[in-house]
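Reviewing the structure listed below.
Labels for the chains are A, B, C and D, by order of writing; each one numbers its residues from 1.
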C-alpha cells in the first residue's frame, strides 16, 4: 500500500515528503527527479521567485547503493529563500508585521477563519503552490518504478487564456515530446507558442493573469488498474480527485468527457479490437478508463486552471477585523499553466504507481516483475 | 471519522451499506431517504427495469426510537428483480449460460481480464450503476444530519445531448426547486424540458443514447470545511473525486472552472465583502471552494456524463476468447442524466457530511451543535 | 487491500458485515463458516441466550456459483431473538422502559456519557460481545482463502480461573486438534476439562464468573508477512491490536513473552536452522514474529480474558442521574473463555489474510497462487 | 484526524517524521520534546552508541512564532554517527562489505528474504530500535497538546530480569515521579535499583542480556475516548497495538489483566462511585478502559520486553546462502528496559492524542477547548 505525507511552508526551512510502501531494489537516478523539478520551474510566465530558488531534491532515507530499501523514503527540497525569511518564519519568536488583508481567490480568509489566525501568513505559507515542488518530486520518484514497466507520462499545454493549441499530436513520439518540452510554454505548435507568450506579456503589462488547460497522457498502462468494487478504488476517483486537488485547478476531464456529454452513444463508443492477442480500442474517447478500470489505452486527462487570482488591479476585500479594504498585492506569477502540466504529470504518476502496486503487489522489484509478466501473459489471447 | 462500505450485485439479493462514525441522537425520518431513492428512479429516459423495481430502504441497525445510536448504520435495498434471477445468481451452483461478449464503454472487458472471469456477468453485476441506489441512500441518510444545520443540496439538469437549460436561476428558492423537481428531466425551463424529452425520444427510436450535464449546488455550507494541509484533505479532492467516481461521469467542474481557464484573473476573482458580520463574496466563480477550503458561498459543481454506451447499433467488439464479433445488446436506459443529478446530490451530501464531521466532531448531535455554534460565533465580526 | 465493517445490535434485526478487497475465484463453502459460528456458540459456561439463537450465516453478495466475485462480500446473521425485542428495539418509536443503572466492567456508563444517552440499552446493544458472532464469520470467510495455502489456525483453552491445562501438545496434529474441539471447554486434557467444568459450576452457583486464557496458533504462515517499515504495518501491531480489541481481553502475549521478560537473551533466542532448503528455528520463543515480520514458524498468541463482570452479588454503582445505587443484574454467561478461543482464532484469520493479501496481492486466486509459488521458490535455498 | 509517518535508517542522515492533522495555535516548547529524547538515551544498560549520539530534535515545519500552524509538522533527528558511515550508507554507490549472517531474534533473516536482499544491513538499518527516537519525539510533541488538558503520562520500570520493583506507588505524585526519573533504571525503590544495576552488570559480564517490564500510566484522561462501534476504534486496539509494535515488546497488559484471568468476577469488578458530580471507580483493575472506551480512571498498561537477542555467546544460525554458521556479534545494549518505558510513554501519548482529537476535534486549540469544556460540563452530575 503506497502512501505519503508532505510538509513544509513556502518560506520555511524545507519541503519534506515521506513515502511508505515503496518496494525494494528499484534503481533510483536522482537526476531524473531533479529533471522534473527543473521543468516545473521553467515555463514562461513565472514571477520573481523562480530566479531565487534553484530547487533540487535530496534523498534522506530509503535509498542505498542506488536502490530502494523497501523502507520509507524521505525527500527534501530546501527553500533557498528561507535565509531571507528566517525572522519572519522564526519557530519561536512571534513576528510583528502581520498580514491581515486576505486576497480573494486564495485560502487566505478561509484559512485564517478556520485555524483562528491573526496573521494570514500562517495560511499562505502552506496553502501556497510551492508545495507542488515536493509533490512533483514524489511523482518523479514513483516514475522510477513505472518506467521499468514502460510506462510513460507526458504533459502538454493545450491552452493559455484564449490561445489554443489543441490539434491532435502523437505524444508517444519522442520527437513530438522533445518539441513540447523544449517549448517555453510546453505547447506543440511554434506559432501558438508565440501567441501564448504574447498573451502572457500582455496580461503581465496589465497586471493581470491567465489560466489555461493542460493535457496529461499516460502510455503503456496495463488493463485492469483500479476497480469498480467500491468508489474509492476507481481509477477515475483516484486520478480525478488528485488532479483536482492541485492548486488552481477547477475542472478535470477524462478523454472527450465534455464533448461526449453533448453527443450520442453511437458516436462516442470506443469499439473493441485485438492485435497480436492484445485487446485494444479503435478510438479513445473514454480516455483510457472504463467502469473505473484502466482499459489498456492511454490515460488522457485534461486539467483546467483558473487564472492566478493575484492581480495588480485594486479589488475589494475585507480584513481580518471586518473592515472593508482594498486588496494588497503579493508577488506572483502571471501564468502558471506550463508548470501545471509538469505538476499534474507527476501527480498522475503517483496515483498510477499506487494503483499499479495495489495490483502487482510485492515487496521487491523482482517479485513485482513476476506478477506483472504473469498477468500480461494471462490476459493475452492467441 | 465518517466512513462507509457498500455491496451488492445488480440482480443479487440486496444492496447493502454500512456507515460507521455517524453521531448519536440524530433524528432520522426514513421517508426523506426514500424520497431521494424515488427521485433517482424517476426521470424520463429510463429503461424497462425501473418499472420492475420499486426501491425502498430498510434500516437494519444503528437507529432506535427514531434516533441514531452512534453505532454503525446498516441500510439495505432489496432487489425485487432477484426472484427472476435466482438461478442466474445462485450462490452455490454455477450458471451455464455465460456472457462472453464484452460491451464497449463498460467495465465488461477490463473487469473480466482483471478478475479472470469466463463470464462477464460476474463483472456487470457489480459495475452496474444500480449500485448508485445504495450510494444515494447513504447520502440521503447523511442529509438528515446536515439539514439540522440548514444545509440544502439541490440538483438541476443543465443539458441533455445538445439541449441546454443553463440560464441562471435561484436554486435556493423553494418555488424554483419545486419546479425543477417536478420536471420530468429535472430541468427548470418548461420549453427546454419538452426539447429534452423529444431528444430522448429521438435517440430511443434510433437505438441511440444521450449524455448531458447536471449542476449540484449546496447552500449554507460553513466557511472552513476541508484543508490545504495535505491534498487528500482538500474539499475539492473529496467532492471532485467522489463525483468523478459516479458511473458515466467523465468530467467535473467547480464554479466557472472551464470559462475561467480561458479568462483573466481580473474577471474571475470573487471580491470579498461582509454583511451582518459574515464574510461573503460578491460573485461565486470559484464555486464555493478556495484553496481547498469552503468559503461560505454555495458549493457549485457541474458533472458531465457521457451517453450510456449501450446502443442498438451493431458495433465491433472481441469476445473473451479473442474472436472478433458484433456487440451484444443488453437492456438499458436511453438517458440517465436526470437520475445522475439526484445521485450526485447525494454523493456530495456524503462528502460534505464527512468534511463537516471532521471539523465539528462530536459523538452526539448535542456536542456537535455546541461546536458548530461556537465556531459560527468565532468567525463572525462586529 | 482487505478491509471490512460490521454492524448490528445484539437484539436488533441482524448482524451484518461487508468485506471489500477479497480476491475473485476463491471457492467458498458456507458450511465451513457456519462450523465456526457453531463452535463459538458451544463451550460450557454460556448462559441462556445460546439456547435461543441458532446462528447461521447468510451470504448476500460477493459470491456466485460457489466462488467469490472480487466484489464486496456481505455476510449477515439474523438475530432470532429480535422477534422478542421488536418493540424494545423499534426503529421509530421510543421505548419507555429505560435502563439507567450502569454495570461496572462494561461500556455502560462510558458509552452513555460519551453518546449522551438516557437509556443504557443504546450502549449495551452494540458494546455486547454478540458482535463477535459476525467477526467470527468474517474470519472464517477469510480462512477459505488461507486454507488453499495450507494455513491452519487453531485454538485451545489454557486456563479457566485457576485451573491450567498448559502442557505442550502438538496442535498441528489432527487427532490432538479433534480432541480439543470435542472438549466442552476446548482444552486438551480430560481431567482438566472436568476441573474446569466444576469450577464453572461452582462459580455459577455463587453467582460469580470466571476468566481465563486461550492459545491461538497459526501454522504454515510464510516468512515475510508484515513489515518493520512503519509501526502500523508490523504483524504484531495488527494481530496484537486485533486480539486486544476482543471483548473481555485485557492482555496479549506472543510466544513466551512474559517468561522472556524475566529471562536472559541466551535462553530465549530461537536459533536459526535450515531443512530441505527452508529456513526454520530450533525453538519458537518469539511466537513466529521477529522484528514485526513473520518468520515462518507457527504464530503463537495467548489472550487473557477477565471474568465477565456481570455477577449476581450486589455491587455499588451510580445511575445516570448521579444517584448511588446497587447494581442491576443482566442475564449473562458464567464463563466465555471457550468461545473466546474460537473468536480469537477467527480474528487472527482476518488479520493474517490481510497481511497475506498485502504481500501476495492479486485480483484473482490464480494470480495470487503465481505470486505465492514464485515467492516460496525465491526464498528457498539449495 | 491525526496521522504520521516516520522514516530514516539507523546510520543514515537523519530520522524524520511528518505529523498531519495537528491543530493550530498549540504552544510548543521544543525543550520538552528534547527532554524525552534525553530520557530515552539515559538508562543503565545501554551500549556504546549512546555515547556517540546526543540526539536532539529539529522542527522543520508546522510551527511558527512558538505555536503550531495546523500545517504538517516535520521533526528530524540527525544521526551524528552518519559521518562514520557515509560510505557504508552511500545513496549511490554500492558497498562491498555485505552482511550475510542473520542474527536470531531480529528481523535480519525475515527482512532479507522478504525484500530480496543480499546484504542484511539493508534490513537492520530500518528494523533497528533507533527508530524509536523519532517515535518518542512524535509522542512528546503530542504531549504539548495533551498537557494543556492536564493529561500526564508517566513510566516506571517494574522489573529487569527477575528483579521486581512492583509495590504500588502513587505515580501521580510529583515527588514519586521525580524519584523514578532520577533512578538510573527508572524504578522507584533504591534497593531494587541497585539490584537491577547489578543484574545488568552480571549479564554484561557474561555477554548476556536482560528483558523486563515497564508500567505506563496516563492520568486525567476524560471518560469517553475510543468507541465500541468497531474494533479499530477501541482504545485498547489503538493503544495495545501501538505498544505491541515497539521493538522488543512481546506482551501487553491493561490493568490487572493477567491476574484477572485467574480470578473471579466478584473480585475484579471496579465498583462505580461519584464524587463532586464526577463518576469514578473504587478500584482500577480494568486499567482505565471498559468496553473499549476510557472510563476516566488512569490508563495503566504494562509492557513486557524480551531480552535483547544479541548476545556474545555463539549460537547457531544460517547465512543468506543457506550455510549453517555461527552467529556474528553486533554492538548492542545489555538491557533496554529503562529506555522502553520512555518510548512507550510517548507511544501512548500519540495514541491518546489521536483518540482525544477524534473526540474533541477542532482546527485550533481555542475550538478544542470549547468542545472539551462543554463535554466535561455535560458529563458532570449535580
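Throughout what follows, a residue touches a chain if its C-beta (ideal position, glycine included) is under 8 Å from a C-beta of that chain, and two chains touch if they have at least 3 such contacts.
Computed from a prediction, not measured in an experiment: that's the story for all the values here.
Visitor: Mind listing the chains that sit against chain A and also against chain B?
Guide: Expected: C, D.
Visitor: Have a look at B-D versus C-D and report the one with more C-beta pairs in contact.
Guide: Top pair by contacting C-beta pairs is C-D.
Visitor: By mean C-alpha coordinates, which chain is most distant from chain B?
Guide: Here the answer is chain D, farthest from chain B.
Visitor: Could you state the distance in Å from the CA-based centre of chain B to that of chain D?
Guide: 44
Visitor: What is the distance, in whole Å, between the centres of chain B and chain C, each centre taken as the mean of its C-alpha atoms?
Guide: Going by mean C-alpha positions, chain B sits 38 Å from chain C.
Visitor: Please work out the Cα centroid separation of chain C and chain D, and write it as a whole number of Å.
Guide: Chain centres of chain C and chain D, defined by C-alpha means, are spaced 26 Å apart.
Visitor: Residues of chain B that contact two or more other chains, please.
Guide: Within chain B, residues 5-6, 20, 70-72, 114, 116, 126, 224, 227, 229-230, 359, 363, 366-367, 378 contact more than one other chain.
Visitor: Give the list of chain A residues in touch with chain B in this complex.
Guide: Listed in rising order, the residues are 5-6, 102, 104-111, 113-114, 116, 123, 126-127, 135, 159, 161-162, 203, 206, 208-213, 223-224, 227-232, 234, 236-238, 240-242, 244-247, 249-258, 260-266, 268-274, 277, 279, 281-282, 285-287, 290-296, 304-311, 313, 315-318, 321-322, 324, 359, 378-379, 381-382.
Visitor: Can you tell me which positions in chain B touch chain C when the two form their complex?
Guide: It is residues 3-9, 12-14, 16-18, 20, 24-25, 30, 59-66, 69-74, 89-95, 114-117, 121-122, 125-126, 363-364, 366-367 of chain B that touch chain C.
Visitor: Where on chain A is chain C touching in the complex?
Guide: Its residues touching chain C are 1, 20-21, 70-72, 224, 227, 229-230, 233, 357-363, 366-367, 370-371, 374-375, 378.
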